[in-house]
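Each structure below appears as structure tokens.
Each of the next two complexes has subunit A plus one more chain, namely subunit B in the first and subunit C in the second.
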Partner chain A sequence: MMKHLKSAIVATFTASAAALVAFPALADAPRVAVALPGMVTDRAFNENIYDGLVAVEEQFGSEIAYTENVSQATQVEVMSDYARRGYDIVVGSGGEYTDAAERVAANFPDTTVIVLNGAPTEGVTTINYNNPEFGYLLGVVAGGVSETGVVAALSAQKFAAFDNVVDGFRQGFQSVQPDGEVLVAFTNDWADVALAKEASFNLISKKADVLMPYLDGAWVGVVQAAQERGVHTVGILHESESNLVSARLDFARALVMAVDLHQKDELEAKDYVIHLTSRDQLGDFSVDVPEEVQTMALDAVEKIKSGELKFGD
Partner chain B sequence: MSSETLTDARTSRLLTVIRVIYMLKTVWAVIVALLIGAIFILLAGGDPIEGYTALFKGAFLDYWGIGDTLVRMSPLLLAGLAVIIPLRAGLFNIGAEGQIYIGALFATIAALYLPGFLPGWIRIILCMMAGALGGGMWAAIPGLLKAYRGTNEIITSLLLSYVAIYLIGAVLHAWLIEPGAPYPYSREIDKSLELPIFMPRTQAHVGIMVAWAAAILVAVMLWRTTLGQAIQVVGHNKHASSYAGLSVKRLTVLSFAMGGAMGGLAGTFEVLGLKYRLFDHFSPGYGMQGIIVAFLAALNPIGAIFAAIFLAGLQVGAGSMQRATGIDTTMVAALQGLVVLCVAVGLAFKFHPDRWRRRIAAWRGNE
Partner chain C sequence: MFDFLIDPVQLANVLGTALRLSIPLIFAAMGGLLCERSGVFNIALEGQILFGAFGAAVGAFYFGSAYGGLVIAIAFGAASGLLLAVLGITLRVNQIVVGIAIILFATGFTSFMSRLLFPGGGNSLKLDGFSNIDIPLLSDIPILGPVLFSQNGLVYVAIFSVFAVHFVLFRTRVGMSIRAVGESPAAADAAGIHVFALRYACVIIGSSLAALGGAYLVLTQVLLFSDNISAGKGFIALAAIVLGRWQPSIAFMACLLFGLFDAVQLRMQFDQPDIPYQVFAALPYLVAILALVGLMGQANPPSSVGRPYDREMR
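== the complex of A and B ==
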């Protein structure tokens, strides 16, 4: 009997010790909540952030939560509610959360408020990619493939991040085709596939033969229109096999990085800008991209990495 | 007391009880909706008791939840009034959403460009007037088209909403957008123009109280003024009103404009009380939800206060339930739809005392 008892005690102790060694972060893993403007199944921005949230759960043992389709009017309400429920990190997904985040951060000083793809804001951690760098690479590829000398960028709304992507896209495109033209169109809806498709047809009728959607779920409409009319797409918030190439603005990685810094007590309320540092941040080229264009794009990657090509900060 | 008198007294008491049951039909409808919703939650693998506890606690029993409910109530109530006033004149204003947007635009322009030497409270009042004027003028368009061209006001007011929403987008992109903004929004309004908060650390602003006051004023206007009576007479019978000397055309335009002014105020408070900027797509459909408020309140402006609180509480509580229990958002949306459906069905049940008296007499006869 005593032998069994001893065995049980040893087993319990061993199991507990093993658990402590195997999951050191579980005890103090931060609880992380995310407010999303769209659905986590959009295969674009929202899904990317959701993937990051799941990665945080797996990597740190965090309790996670998220709310989809958070409207403008309810951003403060949703983020405040998570803060009140004791979530250590509350994330707003997209620049439209910047204002709400500032207010939530002021009201809940013990909560870390993060905005992905937002503008620098007092009391808030913002994480952005250096958008022109990624836009530039896509512009180079578009310039190498375009036969008409006209390419186009589509988004739902005009705002800083998209403007910066387009600036880089234009520079990249015109580095290959100096007289080329970049058209810009807005659909006013991030998720409306039909509207995006209609806008794409319109741009194609203006001779655009490479389209760059900067949309949530609506990117599908752009790809469909391109396939139907035999033109090309490049991706920036989404990856698709039909793209000539996709730039990976990986907000999942950004979120994991933020939680990691939080764990180390190093996360600050400041603007973090992620630069292009790896070839992997540009996806695979499709078979429609000629070798010489691929070489041009990879050269541009190296120039950006080495600092020879600089954009913004 | 004779047995006949006793029976009459009992019948009368029974009729009163039945009348009260009918009066509470909205409550029964909500209970039925929640019961059906509970089945859905169970099928989705959730716990309905835990979910509903979170819903009601989140909306009505928690300091923060009450703040959120009141904040959500303000535009719903004003949008409800925007529907009620024209509907009292027999006109369907489906375009409160557009009036909210135009009101917000006017209020924002006033807030950004009114001379700074004026005291803050005067500028707030001027912003409110600008917002109400904007909404009123926008709503007057379908009113005018209805009055002088006989155009269907449902179609014109609805389509004008889309015009308004896209117009705000265009104005923001072309003119009002803050340079370098991470989203299409205007510059921030001056701090002195932000509406005071009456529940500390929440967003509950005094615009909520103004909305309550507006509902009371609309009730007084409808039942205690000549204008209100005239509007209701037109609503009952246009031809008789015209025959009685009332200017149906003028009242058509006026009732639409007054409704639009309420919508404009809703937009104004979203800017001055909540966002402090004009955001593209800032309204999640308050205009359309105003129609639900109007029908839940049976076109009674005072009832609209309670209907708006209920609807706002349901929305806030549903969000709270989702965050507390992890019940899927689609389930929350389905629950809201169920409530609206059941309440709408409930409206079809009307109390007819004579029918009930006959039924009671028949039962008594069978005893």
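== the complex of A and C ==
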């Protein structure tokens, strides 16, 4: 029932948007649809992908559509529906979409199926960031700023992509503070702000003074707790002024890249990995990050670029 | 593993977390309990927490004060209670169905409206909230002082609501009428009690109480509104009512238990990295199941709960 209400709302929105804004529709602009696990207002993963979708609309004149809060059980249905309605590119947002994407890709060979942040899957285009690289960079900055020698990473669930981020984070942190400790906590809820805040208070009472939230809407609770107790945050999925720095897994950029390749007829059903190789993938450093730590971080980017620092594949 | 029990600072921290996590449960459980005692199932608690949270954000945002938020939160709660009462009591729609409908409506309505009303979305707000009140002398007691007597005003209101609900239900004439209506509305009606009026009152007041749980989340804990901020707390409150066997004092302790285990599981996760964190995350629910099957014996709900009263029915 809610799903219907939501799709009705989305449909109305899309329809009225189409009516109001005369699309500069290029004849060959691909139509792009996205299935999202959460809300586009989370100012994190979901909103990031939504921003990418809007960028695709502006840049290529594509017709776009999206469905929010797609549960595991309805992934195949939502994505198949878009494929049936003639969307050229159908995107699943997150690793939990790979199974659904594989089925949809098999059923609709003319549709390009993309999974962002998902493991390599047959018949599907997967786009990933090299997670440890981004974790490493944040770890270096955390190591340069932490006074207690304890930092923490926080997510809702344990899964491969997050583990990889944490591995990099730990290596980066311990490259600066070899005896430093990285705590990891799970809240079991991507969007529960209050619980994330309490979990952060807990980590802070365990002496953690730099927190890395890997959460959807709930990251706000982590930032609030950090501000109230005078400790720091770094951003991997969210950007916020209070971060020491953000090394964002920017899936907006990834989506635009994919559509661009599709336009050039070069997009293949394979795994694309984006590396941390340029300064502009980082947000601004806050005033709490000393000059020499900033230099250290930028050095790390250079080392990743030159291949001196390598993580996994 | 339990080293936080020995260190007073850590212990105060865990207990503080436990209390803060259980306050929305306490409000919702007391509200739901009042409704069920009068014979109306209120499974819409989850939606009413959400309405309360949204109303609090709207009020605090537009009036610029936490009290404004509180008033609007109560108004939203009362309105959702009125809806439940009209449909479930007067029109005799199945109360479970109405409850689910209210939850679904609250989810959609609050996410949609928060995008319209709040610039940049509800989670970019920075609302004026209530600050902590230190009760003189008492707040200086080690461990318990900071946990119990250096809290937010709404925390004291939550604890007061437990006493109030208990007092009204078991120590006043009105309370006896409420319980009578919940057990046997026909007999109560014959004795001259206004069944419908009393049920309406209980549902509207109970729903407003549940909404206070949402107001607490917004006005003291996070100072912003985010979609689905209730995150299942209403359902846990329902479990607390059953676990508390429809007694305010036991339901209150059940809420504290859930809050405590939530706090302890957050703490134990990283003390015991070898045990999968899911074990700890499941702990509060495991405790609930164990308590329901083993320790508490048979649960006896008010016998007319969920059955709309019809004067003409034999």
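Keep in mind that, in the parts below, the second predicted complex is superposed on the first by the 288 of 313 C-alpha atoms of A that agree within 3 Å, B and C clash if a C-alpha of one lies under 4 Å from a C-alpha of the other, contacts with A are read in each partner's own complex, and residues count from 1 in each chain.
Operating definition for what follows: a contact is a pair of C-beta atoms (placed from the backbone, for glycine too) under 8 Å apart; a residue touches a chain by one contact, two chains touch by 3 or more.
These numbers come from a predicted model, not from an experiment.
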* Asked: With subunit A superposed, do subunit B and subunit C clash or fit?
  -> clash
* Please work out whether A:V76 is in contact with subunit B alone, subunit C alone, both, or neither, and reply first, second, both or neither. => first
* Asked: Once the shared chain is lined up, is A:D42 touching subunit B (first), subunit C (second), both, or neither of them?
  -> second
* To do: May I ask you to decide whether A:T277 touches subunit B, subunit C, both, or neither, giving the answer as first, second, both or neither?
  => neither
* With the two complexes superposed on chain A, say which partner A:T295 touches: subunit B (first), subunit C (second), both, or neither. => neither
* Asked: In the superposed arrangement, does A:N188 touch subunit B (first), subunit C (second), both or neither?
  -> both
* Which of subunit B and subunit C A:A199 touches, first, second, both or neither -> second
* Which of subunit B and subunit C A:Q227 touches, first, second, both or neither -> neither
* **4-12, 22-30, 220-228 or 292-300: stretch of subunit C that collides with subunit B** => 292-300
* Which residues would you name on subunit A as touching subunit B in one complex and subunit C in the other? -> 158, 186, 188
* To do: Quick one: which bits of subunit A touch subunit B in the complex? Just the residue numbers, please.
  => 33, 65, 67-69, 71-74, 76-78, 80-82, 84-85, 94-96, 98-99, 107, 117-119, 157-161, 186, 188
* Structure fact -> Within the complex, subunit C is touched by subunit A residues 1-2, 5-6, 9, 39, 41-43, 158, 183-189, 191-195, 197-199, 201-203, 205-206, 217-218, 220-221, 224
* Asked: So in the complex, which bits of subunit B are touching subunit A?
  -> 58, 64, 68, 71-72, 75, 166, 169, 173, 177, 180-185, 201, 203, 270, 274-277, 279-284, 286, 316, 319-320, 322-324, 326, 329
* **Complex contact set, residues of subunit C against subunit A** => 9-10, 13, 17, 20-21, 24, 104, 107-108, 111-112, 114-115, 121-124, 217, 221-224, 226-229, 231-232, 262-263, 266-267, 269-270, 273, 276-278, 281
